[in-house]
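Going in written order, the chains are labelled A, B, C and D, and every chain counts its residues from 1.
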Amino acid sequence: MIHTISKIRVRYAETDRMDVVYHSNYLIWFETARILMLDEIGIPYTGIEKRGLLLPVLTVSAAYKSPARFDDRLEVHLYMREKPRARMRFEYEVKRGDELLATGETTHGFMDLKGKGMRPPQDLMEKIESAWEQDMTAVV
Amino acid sequence: MIHTISKIRVRYAETDRMDVVYHSNYLIWFETARILMLDEIGIPYTGIEKRGLLLPVLTVSAAYKSPARFDDRLEVHLYMREKPRARMRFEYEVKRGDELLATGETTHGFMDLKGKGMRPPQDLMEKIESAWEQDMTAVV
Amino acid sequence: MIHTISKIRVRYAETDRMDVVYHSNYLIWFETARILMLDEIGIPYTGIEKRGLLLPVLTVSAAYKSPARFDDRLEVHLYMREKPRARMRFEYEVKRGDELLATGETTHGFMDLKGKGMRPPQDLMEKIESAWEQDMTAVV
Amino acid sequence: MIHTISKIRVRYAETDRMDVVYHSNYLIWFETARILMLDEIGIPYTGIEKRGLLLPVLTVSAAYKSPARFDDRLEVHLYMREKPRARMRFEYEVKRGDELLATGETTHGFMDLKGKGMRPPQDLMEKIESAWEQDMTAVV
(Lines give C-alpha, C1' and ligand atoms only; values in the text may rest on other atoms or scores of the structure.)
Protein backbone atom coordinates (compact mmCIF):
# COMPACT_ATOMS: atom_id res chain seq x y z
CA MET A 1 0.00 0.00 0.00
CA ILE A 2 0.97 3.62 -0.48
CA HIS A 3 -0.40 6.15 1.97
CA THR A 4 0.41 9.86 1.88
CA ILE A 5 -1.01 12.73 3.88
CA SER A 6 -1.04 16.23 2.47
CA LYS A 7 -2.23 19.43 4.09
CA ILE A 8 -4.75 21.87 2.66
CA ARG A 9 -5.90 25.17 4.08
CA VAL A 10 -9.27 26.13 2.67
CA ARG A 11 -9.24 29.24 0.49
CA TYR A 12 -12.03 31.83 0.53
CA ALA A 13 -12.50 31.28 -3.20
CA GLU A 14 -13.27 27.61 -2.52
CA THR A 15 -16.38 28.40 -0.48
CA ASP A 16 -19.88 28.98 -1.82
CA ARG A 17 -22.90 30.85 -0.51
CA MET A 18 -23.93 27.83 1.60
CA ASP A 19 -20.84 28.78 3.66
CA VAL A 20 -19.13 25.49 2.86
CA VAL A 21 -16.51 24.36 0.38
CA TYR A 22 -18.05 23.99 -3.07
CA HIS A 23 -18.06 20.28 -3.83
CA SER A 24 -15.99 20.28 -7.01
CA ASN A 25 -12.97 21.67 -5.18
CA TYR A 26 -12.35 18.35 -3.44
CA LEU A 27 -11.35 16.96 -6.84
CA ILE A 28 -8.64 19.61 -7.08
CA TRP A 29 -7.38 18.63 -3.64
CA PHE A 30 -7.31 14.97 -4.67
CA GLU A 31 -5.09 15.98 -7.56
CA THR A 32 -2.78 17.96 -5.31
CA ALA A 33 -2.49 14.83 -3.15
CA ARG A 34 -1.56 12.71 -6.19
CA ILE A 35 1.09 15.14 -7.33
CA LEU A 36 2.68 15.29 -3.88
CA MET A 37 2.61 11.48 -3.68
CA LEU A 38 4.33 11.20 -7.08
CA ASP A 39 6.98 13.67 -5.89
CA GLU A 40 7.52 11.58 -2.79
CA ILE A 41 8.19 8.38 -4.72
CA GLY A 42 10.52 10.17 -7.11
CA ILE A 43 8.25 10.62 -10.14
CA PRO A 44 7.42 14.33 -10.40
CA TYR A 45 4.37 14.77 -12.59
CA THR A 46 6.13 17.44 -14.63
CA GLY A 47 8.68 14.75 -15.50
CA ILE A 48 5.94 12.40 -16.70
CA GLU A 49 4.54 15.08 -18.99
CA LYS A 50 8.03 15.94 -20.29
CA ARG A 51 8.24 12.38 -21.66
CA GLY A 52 5.07 13.05 -23.63
CA LEU A 53 2.91 11.07 -21.23
CA LEU A 54 -0.28 12.16 -19.56
CA LEU A 55 -2.04 10.54 -16.64
CA PRO A 56 -5.64 11.66 -17.14
CA VAL A 57 -8.49 11.07 -14.75
CA LEU A 58 -10.72 8.32 -16.15
CA THR A 59 -13.24 8.19 -13.33
CA VAL A 60 -13.81 10.11 -10.15
CA SER A 61 -16.23 9.74 -7.29
CA ALA A 62 -16.72 11.48 -3.97
CA ALA A 63 -19.04 11.18 -0.97
CA TYR A 64 -19.55 14.27 1.16
CA LYS A 65 -20.25 13.54 4.82
CA SER A 66 -19.68 16.80 6.61
CA PRO A 67 -18.79 20.18 5.10
CA ALA A 68 -15.33 21.73 5.06
CA ARG A 69 -15.36 25.45 5.74
CA PHE A 70 -13.27 28.53 5.07
CA ASP A 71 -9.82 28.49 6.65
CA ASP A 72 -10.10 24.87 7.81
CA ARG A 73 -6.80 23.05 8.03
CA LEU A 74 -7.44 19.71 6.41
CA GLU A 75 -5.54 16.53 5.78
CA VAL A 76 -6.00 14.77 2.48
CA HIS A 77 -5.11 11.10 2.82
CA LEU A 78 -4.31 9.28 -0.40
CA TYR A 79 -4.25 5.47 -0.49
CA MET A 80 -3.09 3.20 -3.25
CA ARG A 81 -4.40 -0.14 -2.03
CA GLU A 82 -4.13 -2.19 -5.22
CA LYS A 83 -0.91 -3.24 -6.85
CA PRO A 84 -0.35 -0.77 -9.70
CA ARG A 85 -1.20 -1.88 -13.22
CA ALA A 86 -1.88 -0.11 -16.50
CA ARG A 87 -4.75 1.56 -14.72
CA MET A 88 -4.15 3.00 -11.30
CA ARG A 89 -6.69 3.55 -8.61
CA PHE A 90 -6.39 5.94 -5.68
CA GLU A 91 -8.66 6.41 -2.71
CA TYR A 92 -8.92 9.58 -0.66
CA GLU A 93 -10.09 10.72 2.74
CA VAL A 94 -10.45 14.37 3.65
CA LYS A 95 -10.17 14.92 7.39
CA ARG A 96 -10.40 17.83 9.80
CA GLY A 97 -8.64 16.50 12.84
CA ASP A 98 -10.28 13.14 13.53
CA GLU A 99 -13.42 14.00 11.65
CA LEU A 100 -13.89 12.42 8.24
CA LEU A 101 -15.41 15.01 5.91
CA ALA A 102 -15.34 13.24 2.59
CA THR A 103 -14.07 10.17 0.79
CA GLY A 104 -13.23 9.76 -2.85
CA GLU A 105 -11.70 7.61 -5.51
CA THR A 106 -10.06 8.23 -8.87
CA THR A 107 -8.80 5.96 -11.62
CA HIS A 108 -6.17 6.89 -14.15
CA GLY A 109 -4.51 5.54 -17.26
CA PHE A 110 -1.40 6.52 -19.18
CA MET A 111 -1.98 8.31 -22.46
CA ASP A 112 0.25 9.89 -25.11
CA LEU A 113 -0.19 13.48 -26.24
CA LYS A 114 -2.63 12.38 -28.95
CA GLY A 115 -4.90 10.74 -26.42
CA LYS A 116 -3.88 7.17 -27.23
CA GLY A 117 -3.76 4.77 -24.29
CA MET A 118 -0.18 3.77 -23.42
CA ARG A 119 1.53 1.16 -21.30
CA PRO A 120 3.10 2.85 -18.29
CA PRO A 121 6.90 3.17 -18.64
CA GLN A 122 8.79 0.40 -16.89
CA ASP A 123 10.88 2.65 -14.66
CA LEU A 124 7.87 4.57 -13.41
CA MET A 125 6.04 1.35 -12.63
CA GLU A 126 9.04 0.06 -10.74
CA LYS A 127 9.18 3.14 -8.54
CA ILE A 128 5.46 2.95 -7.82
CA GLU A 129 5.65 -0.78 -7.14
CA SER A 130 8.64 -0.34 -4.92
CA ALA A 131 6.81 2.26 -2.80
CA TRP A 132 3.75 0.00 -2.79
CA GLU A 133 5.74 -3.05 -1.66
CA GLN A 134 7.39 -1.03 1.11
CA ASP A 135 4.02 0.09 2.44
CA MET A 136 5.16 3.65 2.07
CA THR A 137 3.43 6.12 4.34
CA ALA A 138 4.49 9.75 4.39
CA VAL A 139 3.42 13.26 5.17
CA VAL A 140 4.07 15.06 1.91
CA MET B 1 -38.57 9.99 -16.02
CA ILE B 2 -37.38 13.58 -16.26
CA HIS B 3 -34.99 14.46 -19.07
CA THR B 4 -33.64 17.93 -19.70
CA ILE B 5 -31.00 19.14 -22.11
CA SER B 6 -28.98 22.25 -21.36
CA LYS B 7 -26.33 23.92 -23.48
CA ILE B 8 -22.81 24.78 -22.40
CA ARG B 9 -20.12 26.59 -24.33
CA VAL B 10 -16.70 25.78 -22.93
CA ARG B 11 -14.90 28.75 -21.35
CA TYR B 12 -11.17 29.34 -21.71
CA ALA B 13 -10.88 29.32 -17.92
CA GLU B 14 -12.27 25.77 -17.88
CA THR B 15 -9.35 24.34 -19.86
CA ASP B 16 -6.04 23.14 -18.47
CA ARG B 17 -2.56 22.78 -19.92
CA MET B 18 -3.45 19.37 -21.37
CA ASP B 19 -5.65 21.45 -23.75
CA VAL B 20 -8.82 19.83 -22.45
CA VAL B 21 -11.49 20.81 -19.96
CA TYR B 22 -10.21 20.28 -16.41
CA HIS B 23 -12.18 17.39 -14.99
CA SER B 24 -13.75 19.09 -11.97
CA ASN B 25 -15.61 21.56 -14.21
CA TYR B 26 -18.03 18.86 -15.33
CA LEU B 27 -19.45 18.90 -11.79
CA ILE B 28 -20.24 22.60 -12.19
CA TRP B 29 -22.02 21.85 -15.47
CA PHE B 30 -24.03 19.09 -13.78
CA GLU B 31 -25.18 21.66 -11.27
CA THR B 32 -26.16 24.13 -13.96
CA ALA B 33 -28.22 21.34 -15.52
CA ARG B 34 -29.99 20.66 -12.19
CA ILE B 35 -30.82 24.31 -11.68
CA LEU B 36 -32.26 24.67 -15.17
CA MET B 37 -34.30 21.49 -14.65
CA LEU B 38 -35.70 22.83 -11.36
CA ASP B 39 -36.63 26.08 -13.13
CA GLU B 40 -38.39 24.11 -15.82
CA ILE B 41 -40.59 22.21 -13.38
CA GLY B 42 -41.41 25.39 -11.48
CA ILE B 43 -39.10 25.07 -8.48
CA PRO B 44 -36.38 27.68 -8.86
CA TYR B 45 -33.47 26.77 -6.61
CA THR B 46 -33.37 30.29 -5.19
CA GLY B 47 -36.92 29.66 -3.98
CA ILE B 48 -35.85 26.45 -2.22
CA GLU B 49 -33.08 28.29 -0.39
CA LYS B 50 -35.46 31.14 0.52
CA ARG B 51 -37.49 28.60 2.50
CA GLY B 52 -34.38 27.77 4.49
CA LEU B 53 -33.79 24.53 2.64
CA LEU B 54 -30.62 23.36 0.98
CA LEU B 55 -30.19 20.54 -1.51
CA PRO B 56 -26.55 19.59 -1.04
CA VAL B 57 -24.61 17.10 -3.11
CA LEU B 58 -24.18 13.90 -1.10
CA THR B 59 -22.30 11.90 -3.71
CA VAL B 60 -20.94 12.57 -7.15
CA SER B 61 -19.29 10.42 -9.76
CA ALA B 62 -18.12 10.96 -13.29
CA ALA B 63 -16.53 8.91 -16.06
CA TYR B 64 -14.50 10.72 -18.70
CA LYS B 65 -14.53 9.09 -22.13
CA SER B 66 -13.32 11.77 -24.51
CA PRO B 67 -12.14 15.28 -23.69
CA ALA B 68 -14.17 18.44 -24.12
CA ARG B 69 -12.16 21.35 -25.47
CA PHE B 70 -12.19 25.14 -25.51
CA ASP B 71 -15.17 26.68 -27.24
CA ASP B 72 -16.99 23.37 -27.70
CA ARG B 73 -20.75 23.64 -27.76
CA LEU B 74 -21.95 20.86 -25.51
CA GLU B 75 -25.24 19.41 -24.42
CA VAL B 76 -25.63 18.35 -20.83
CA HIS B 77 -28.39 15.77 -20.54
CA LEU B 78 -29.89 15.30 -17.10
CA TYR B 79 -32.00 12.24 -16.32
CA MET B 80 -34.08 11.53 -13.24
CA ARG B 81 -34.88 7.86 -13.75
CA GLU B 82 -36.04 6.91 -10.26
CA LYS B 83 -39.21 8.11 -8.64
CA PRO B 84 -38.17 10.96 -6.34
CA ARG B 85 -37.87 10.24 -2.63
CA ALA B 86 -36.17 11.90 0.31
CA ARG B 87 -32.93 11.37 -1.61
CA MET B 88 -32.85 12.25 -5.25
CA ARG B 89 -30.58 10.84 -7.87
CA PHE B 90 -29.69 12.40 -11.19
CA GLU B 91 -27.69 11.00 -14.07
CA TYR B 92 -25.86 13.06 -16.65
CA GLU B 93 -24.43 12.75 -20.12
CA VAL B 94 -22.19 15.36 -21.66
CA LYS B 95 -22.34 15.27 -25.44
CA ARG B 96 -20.69 17.09 -28.34
CA GLY B 97 -23.08 16.41 -31.18
CA ASP B 98 -23.56 12.64 -31.15
CA GLU B 99 -20.36 11.98 -29.28
CA LEU B 100 -20.66 11.06 -25.62
CA LEU B 101 -17.82 12.76 -23.73
CA ALA B 102 -18.68 11.95 -20.14
CA THR B 103 -21.31 10.47 -17.89
CA GLY B 104 -22.04 11.26 -14.28
CA GLU B 105 -24.36 10.83 -11.37
CA THR B 106 -25.18 12.86 -8.27
CA THR B 107 -27.34 12.19 -5.23
CA HIS B 108 -28.88 14.87 -3.06
CA GLY B 109 -30.82 15.22 0.17
CA PHE B 110 -32.76 18.08 1.69
CA MET B 111 -31.13 19.83 4.63
CA ASP B 112 -32.00 22.83 6.81
CA LEU B 113 -29.59 25.73 7.28
CA LYS B 114 -28.01 23.99 10.28
CA GLY B 115 -27.16 20.94 8.21
CA LYS B 116 -29.93 18.73 9.62
CA GLY B 117 -31.49 16.29 7.16
CA MET B 118 -35.07 17.27 6.30
CA ARG B 119 -38.05 15.69 4.60
CA PRO B 120 -38.59 17.39 1.26
CA PRO B 121 -41.58 19.79 1.31
CA GLN B 122 -44.78 18.22 -0.01
CA ASP B 123 -45.41 20.82 -2.71
CA LEU B 124 -41.91 20.50 -4.13
CA MET B 125 -42.19 16.73 -4.20
CA GLU B 126 -45.51 16.98 -5.99
CA LYS B 127 -44.06 19.15 -8.71
CA ILE B 128 -41.11 16.85 -9.18
CA GLU B 129 -43.36 13.76 -9.19
CA SER B 130 -45.74 15.36 -11.62
CA ALA B 131 -42.89 16.08 -14.05
CA TRP B 132 -41.59 12.56 -13.49
CA GLU B 133 -44.97 10.96 -14.16
CA GLN B 134 -45.40 13.01 -17.33
CA ASP B 135 -42.03 11.84 -18.64
CA MET B 136 -41.02 15.44 -19.00
CA THR B 137 -38.35 16.08 -21.59
CA ALA B 138 -37.25 19.63 -22.35
CA VAL B 139 -34.48 21.76 -23.73
CA VAL B 140 -33.88 24.19 -20.89
CA MET C 1 -16.34 52.18 -31.13
CA ILE C 2 -17.29 48.55 -30.67
CA HIS C 3 -19.97 47.73 -28.12
CA THR C 4 -21.25 44.23 -27.43
CA ILE C 5 -23.61 42.96 -24.77
CA SER C 6 -23.42 39.39 -23.57
CA LYS C 7 -25.59 37.61 -21.03
CA ILE C 8 -24.40 35.75 -17.97
CA ARG C 9 -26.43 33.80 -15.46
CA VAL C 10 -24.54 33.48 -12.18
CA ARG C 11 -23.53 29.92 -11.28
CA TYR C 12 -23.65 28.56 -7.74
CA ALA C 13 -19.95 27.74 -8.01
CA GLU C 14 -19.21 31.42 -8.64
CA THR C 15 -20.51 32.52 -5.23
CA ASP C 16 -18.56 32.59 -1.98
CA ARG C 17 -19.54 32.43 1.66
CA MET C 18 -20.24 36.18 1.70
CA ASP C 19 -23.24 35.19 -0.48
CA VAL C 20 -21.92 37.20 -3.41
CA VAL C 21 -19.99 36.38 -6.56
CA TYR C 22 -16.33 35.86 -5.74
CA HIS C 23 -14.47 38.78 -7.26
CA SER C 24 -12.09 36.90 -9.56
CA ASN C 25 -15.02 35.46 -11.55
CA TYR C 26 -15.71 38.81 -13.18
CA LEU C 27 -12.43 38.38 -15.08
CA ILE C 28 -13.76 35.13 -16.54
CA TRP C 29 -16.93 36.93 -17.64
CA PHE C 30 -14.86 39.67 -19.25
CA GLU C 31 -13.13 36.99 -21.27
CA THR C 32 -16.40 35.42 -22.32
CA ALA C 33 -17.47 38.89 -23.51
CA ARG C 34 -14.27 39.25 -25.57
CA ILE C 35 -14.69 35.87 -27.20
CA LEU C 36 -18.30 36.58 -28.16
CA MET C 37 -17.27 39.98 -29.55
CA LEU C 38 -14.53 38.35 -31.65
CA ASP C 39 -17.10 35.84 -32.97
CA GLU C 40 -19.41 38.68 -33.88
CA ILE C 41 -16.83 40.48 -35.97
CA GLY C 42 -15.80 37.27 -37.70
CA ILE C 43 -12.58 36.43 -35.84
CA PRO C 44 -13.30 33.37 -33.68
CA TYR C 45 -10.63 33.11 -31.01
CA THR C 46 -10.06 29.46 -31.84
CA GLY C 47 -9.09 30.64 -35.33
CA ILE C 48 -6.55 33.08 -33.90
CA GLU C 49 -4.94 30.30 -31.87
CA LYS C 50 -4.95 27.96 -34.88
CA ARG C 51 -2.63 30.44 -36.62
CA GLY C 52 -0.21 30.10 -33.73
CA LEU C 53 -1.19 33.42 -32.23
CA LEU C 54 -2.22 34.14 -28.67
CA LEU C 55 -3.93 37.21 -27.32
CA PRO C 56 -2.89 37.17 -23.67
CA VAL C 57 -4.13 39.52 -20.99
CA LEU C 58 -1.39 42.05 -20.21
CA THR C 59 -3.26 44.05 -17.58
CA VAL C 60 -6.61 43.80 -15.92
CA SER C 61 -8.49 46.00 -13.48
CA ALA C 62 -11.92 45.92 -11.93
CA ALA C 63 -13.95 48.08 -9.56
CA TYR C 64 -16.74 46.41 -7.61
CA LYS C 65 -19.68 48.69 -6.78
CA SER C 66 -22.47 46.35 -5.81
CA PRO C 67 -22.39 42.56 -5.51
CA ALA C 68 -23.74 40.12 -8.07
CA ARG C 69 -25.53 37.15 -6.52
CA PHE C 70 -26.43 33.57 -7.30
CA ASP C 71 -28.77 33.15 -10.26
CA ASP C 72 -28.63 36.82 -11.25
CA ARG C 73 -29.13 37.45 -14.96
CA LEU C 74 -26.41 39.91 -15.86
CA GLU C 75 -25.34 41.83 -18.91
CA VAL C 76 -21.66 42.21 -19.61
CA HIS C 77 -21.05 45.24 -21.79
CA LEU C 78 -17.75 45.33 -23.65
CA TYR C 79 -16.50 48.58 -25.18
CA MET C 80 -13.57 49.11 -27.49
CA ARG C 81 -13.28 52.88 -27.44
CA GLU C 82 -9.81 53.33 -28.88
CA LYS C 83 -8.84 52.60 -32.45
CA PRO C 84 -7.17 49.18 -32.36
CA ARG C 85 -3.38 49.05 -32.47
CA ALA C 86 -0.77 46.46 -31.60
CA ARG C 87 -2.15 46.60 -28.07
CA MET C 88 -5.88 46.49 -27.63
CA ARG C 89 -7.84 47.85 -24.76
CA PHE C 90 -11.34 46.83 -23.73
CA GLU C 91 -13.60 48.29 -21.08
CA TYR C 92 -16.40 46.43 -19.36
CA GLU C 93 -19.55 47.11 -17.40
CA VAL C 94 -21.43 44.41 -15.55
CA LYS C 95 -25.09 45.31 -15.11
CA ARG C 96 -28.15 43.78 -13.46
CA GLY C 97 -30.98 45.58 -15.22
CA ASP C 98 -30.13 49.27 -14.92
CA GLU C 99 -27.85 48.76 -11.95
CA LEU C 100 -24.11 48.97 -12.59
CA LEU C 101 -22.40 46.29 -10.49
CA ALA C 102 -18.83 46.52 -11.67
CA THR C 103 -16.57 48.08 -14.24
CA GLY C 104 -13.33 46.76 -15.63
CA GLU C 105 -10.63 47.12 -18.21
CA THR C 106 -8.19 44.75 -19.89
CA THR C 107 -5.30 45.26 -22.29
CA HIS C 108 -3.96 42.64 -24.65
CA GLY C 109 -1.13 42.08 -27.08
CA PHE C 110 -0.51 39.50 -29.77
CA MET C 111 2.09 36.87 -28.99
CA ASP C 112 3.42 33.78 -30.75
CA LEU C 113 3.44 30.36 -29.09
CA LYS C 114 6.90 31.03 -27.66
CA GLY C 115 5.70 34.15 -25.90
CA LYS C 116 7.29 36.60 -28.32
CA GLY C 117 5.32 39.79 -28.98
CA MET C 118 3.91 39.87 -32.52
CA ARG C 119 2.33 42.41 -34.82
CA PRO C 120 -1.34 41.61 -35.23
CA PRO C 121 -2.13 40.03 -38.61
CA GLN C 122 -3.37 42.53 -41.20
CA ASP C 123 -6.64 40.76 -41.95
CA LEU C 124 -7.59 40.54 -38.26
CA MET C 125 -6.82 44.20 -37.76
CA GLU C 126 -8.93 45.11 -40.75
CA LYS C 127 -11.93 43.27 -39.39
CA ILE C 128 -11.57 44.87 -35.99
CA GLU C 129 -11.08 48.32 -37.53
CA SER C 130 -14.02 47.85 -39.80
CA ALA C 131 -16.28 46.99 -36.83
CA TRP C 132 -14.80 49.91 -34.93
CA GLU C 133 -15.41 52.37 -37.79
CA GLN C 134 -19.00 51.17 -38.15
CA ASP C 135 -19.68 51.78 -34.46
CA MET C 136 -20.74 48.19 -34.15
CA THR C 137 -23.12 47.49 -31.33
CA ALA C 138 -24.57 44.00 -30.88
CA VAL C 139 -26.13 41.60 -28.43
CA VAL C 140 -23.88 38.57 -28.78
CA MET D 1 5.27 49.38 5.87
CA ILE D 2 4.06 45.81 6.14
CA HIS D 3 5.71 43.23 3.93
CA THR D 4 4.85 39.54 3.96
CA ILE D 5 5.97 36.73 1.71
CA SER D 6 3.78 33.69 1.18
CA LYS D 7 4.50 30.60 -0.87
CA ILE D 8 2.31 29.16 -3.59
CA ARG D 9 2.80 26.01 -5.60
CA VAL D 10 0.89 26.16 -8.86
CA ARG D 11 -1.96 23.65 -9.15
CA TYR D 12 -2.80 21.82 -12.36
CA ALA D 13 -6.33 23.22 -12.15
CA GLU D 14 -4.88 26.74 -12.25
CA THR D 15 -3.40 26.31 -15.72
CA ASP D 16 -5.16 26.84 -19.02
CA ARG D 17 -4.64 25.50 -22.54
CA MET D 18 -2.01 28.19 -23.21
CA ASP D 19 0.10 26.14 -20.72
CA VAL D 20 0.24 29.04 -18.29
CA VAL D 21 -1.64 30.00 -15.14
CA TYR D 22 -5.04 31.42 -16.05
CA HIS D 23 -4.92 35.11 -15.19
CA SER D 24 -7.80 35.29 -12.72
CA ASN D 25 -6.04 32.87 -10.36
CA TYR D 26 -3.53 35.55 -9.34
CA LEU D 27 -6.40 37.32 -7.57
CA ILE D 28 -6.98 34.22 -5.47
CA TRP D 29 -3.29 34.15 -4.56
CA PHE D 30 -3.44 37.82 -3.58
CA GLU D 31 -6.25 36.94 -1.21
CA THR D 32 -4.31 34.06 0.29
CA ALA D 33 -1.47 36.52 0.89
CA ARG D 34 -3.83 38.95 2.67
CA ILE D 35 -5.22 36.24 4.90
CA LEU D 36 -1.77 35.03 5.91
CA MET D 37 -0.71 38.63 6.58
CA LEU D 38 -3.74 39.19 8.82
CA ASP D 39 -2.92 35.97 10.70
CA GLU D 40 0.62 37.19 11.19
CA ILE D 41 -0.43 40.46 12.78
CA GLY D 42 -2.93 38.72 15.01
CA ILE D 43 -6.19 39.42 13.16
CA PRO D 44 -7.38 36.16 11.64
CA TYR D 45 -9.91 36.91 8.93
CA THR D 46 -12.34 34.38 10.38
CA GLY D 47 -12.30 36.52 13.54
CA ILE D 48 -13.18 39.64 11.55
CA GLU D 49 -16.15 37.88 9.98
CA LYS D 50 -17.26 36.52 13.38
CA ARG D 51 -17.74 40.13 14.50
CA GLY D 52 -20.12 40.64 11.59
CA LEU D 53 -17.55 42.54 9.55
CA LEU D 54 -16.50 41.91 6.00
CA LEU D 55 -13.48 43.26 4.19
CA PRO D 56 -14.56 43.14 0.56
CA VAL D 57 -12.40 43.87 -2.44
CA LEU D 58 -13.34 47.29 -3.82
CA THR D 59 -10.84 47.43 -6.64
CA VAL D 60 -8.25 45.08 -8.07
CA SER D 61 -5.64 45.40 -10.75
CA ALA D 62 -2.88 43.19 -12.08
CA ALA D 63 -0.14 43.41 -14.67
CA TYR D 64 1.17 40.16 -16.14
CA LYS D 65 4.82 40.26 -17.21
CA SER D 66 5.84 36.65 -17.58
CA PRO D 67 3.68 33.54 -17.19
CA ALA D 68 3.61 31.27 -14.16
CA ARG D 69 3.41 27.59 -15.04
CA PHE D 70 2.25 24.31 -13.56
CA ASP D 71 4.14 23.23 -10.46
CA ASP D 72 6.07 26.49 -10.16
CA ARG D 73 7.02 27.43 -6.61
CA LEU D 74 6.17 31.08 -6.32
CA GLU D 75 6.49 33.78 -3.73
CA VAL D 76 3.66 36.23 -3.32
CA HIS D 77 4.93 39.45 -1.77
CA LEU D 78 2.31 41.66 -0.15
CA TYR D 79 3.12 45.28 0.69
CA MET D 80 1.08 47.73 2.72
CA ARG D 81 2.89 50.96 1.95
CA GLU D 82 0.33 53.50 3.11
CA LYS D 83 -0.69 54.08 6.68
CA PRO D 84 -3.96 52.18 7.14
CA ARG D 85 -7.20 54.17 7.07
CA ALA D 86 -10.86 53.32 6.52
CA ARG D 87 -9.80 52.04 3.13
CA MET D 88 -6.76 49.82 2.92
CA ARG D 89 -4.53 49.34 -0.05
CA PHE D 90 -2.22 46.41 -0.69
CA GLU D 91 0.32 45.87 -3.42
CA TYR D 92 1.55 42.51 -4.63
CA GLU D 93 4.44 40.99 -6.49
CA VAL D 94 4.44 37.42 -7.73
CA LYS D 95 7.96 36.07 -8.11
CA ARG D 96 9.59 32.86 -9.29
CA GLY D 97 13.02 33.10 -7.75
CA ASP D 98 14.32 36.52 -8.76
CA GLU D 99 11.98 36.82 -11.70
CA LEU D 100 9.00 39.14 -11.31
CA LEU D 101 6.00 37.50 -12.98
CA ALA D 102 3.21 39.86 -12.06
CA THR D 103 2.30 42.85 -9.94
CA GLY D 104 -1.04 43.79 -8.51
CA GLU D 105 -2.97 46.02 -6.19
CA THR D 106 -6.20 45.74 -4.25
CA THR D 107 -8.20 48.18 -2.14
CA HIS D 108 -10.62 47.19 0.59
CA GLY D 109 -13.16 48.73 2.93
CA PHE D 110 -14.94 47.44 6.01
CA MET D 111 -18.60 46.56 5.59
CA ASP D 112 -21.29 45.08 7.82
CA LEU D 113 -23.28 42.00 6.80
CA LYS D 114 -25.88 44.17 5.08
CA GLY D 115 -23.27 45.75 2.85
CA LYS D 116 -23.12 49.06 4.69
CA GLY D 117 -19.69 50.72 4.86
CA MET D 118 -18.28 50.63 8.40
CA ARG D 119 -15.46 52.28 10.28
CA PRO D 120 -12.79 49.69 11.01
CA PRO D 121 -12.82 48.57 14.66
CA GLN D 122 -10.28 50.42 16.80
CA ASP D 123 -8.47 47.31 18.03
CA LEU D 124 -7.99 45.95 14.52
CA MET D 125 -6.67 49.27 13.31
CA GLU D 126 -4.24 49.41 16.19
CA LYS D 127 -2.81 46.01 15.37
CA ILE D 128 -2.45 46.90 11.72
CA GLU D 129 -0.90 50.27 12.55
CA SER D 130 1.45 48.70 15.03
CA ALA D 131 2.71 46.22 12.41
CA TRP D 132 2.95 49.07 9.91
CA GLU D 133 4.94 51.27 12.30
CA GLN D 134 7.32 48.42 13.08
CA ASP D 135 8.01 47.86 9.39
CA MET D 136 6.94 44.28 9.82
CA THR D 137 8.40 41.88 7.30
CA ALA D 138 7.69 38.17 7.56
CA VAL D 139 7.55 34.91 5.69
CA VAL D 140 4.03 33.72 6.44
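Assume a residue touches a chain if its C-beta (ideal position, glycine included) is under 8 Å from a C-beta of that chain, and two chains touch if they have at least 3 such contacts.
Here the structure is a predicted model, which is why all the values come from computation and not from measurement.
Asks: Weigh C-D against A-C on C-beta contact pairs and write down the one with more.
Replies: When A-C is set beside C-D, the one with more contacts is C-D.
Asks: Tell me whether subunit B and subunit C, two copies of the same sequence, contact each other through the same residue numbers or different ones, using over half shared as the line for same.
Replies: The interface of subunit B with subunit C is built from mostly shared positions.
Asks: Measuring centre to centre with C-alpha atoms, which chain is farthest from subunit D?
Replies: Of all chains, B has its centre farthest from that of subunit D.
Asks: Using CA atom averages as chain centres, what separation in Å is found between subunit A and subunit C?
Replies: Chain centroid spacing, subunit A to subunit C, equals 35 Å.
Asks: What's the distance between the Cα centroids of subunit B and subunit C, rounded to whole Å?
Replies: Roughly 28 Å separates the two chain centres.
Asks: Just how far, in Å, is the C-alpha centre of subunit D from the one of subunit C?
Replies: Centre-to-centre distance between subunit C and subunit D: 25 Å.
Asks: Which subunit D residues sit where two or more other chains touch them?
Replies: Correct list: 12-13, 18, 20, 24, 28, 70.
Asks: Mind pulling up the subunit D residues that touch subunit B in the complex?
Replies: 12-13, 15-20, 22, 24, 69-70
Asks: Which subunit C residues qualify as touching subunit D in the complex?
Replies: It is residues 18, 20, 23-25, 27-28, 54, 56-64, 66-67, 115 of subunit C that touch subunit D.
Asks: Under the touch definition given earlier, write down the residues of subunit D that touch subunit A in their complex.
Replies: Residue list for subunit D touching subunit A: 11-13, 28, 31-32, 35, 44-46, 70-71.
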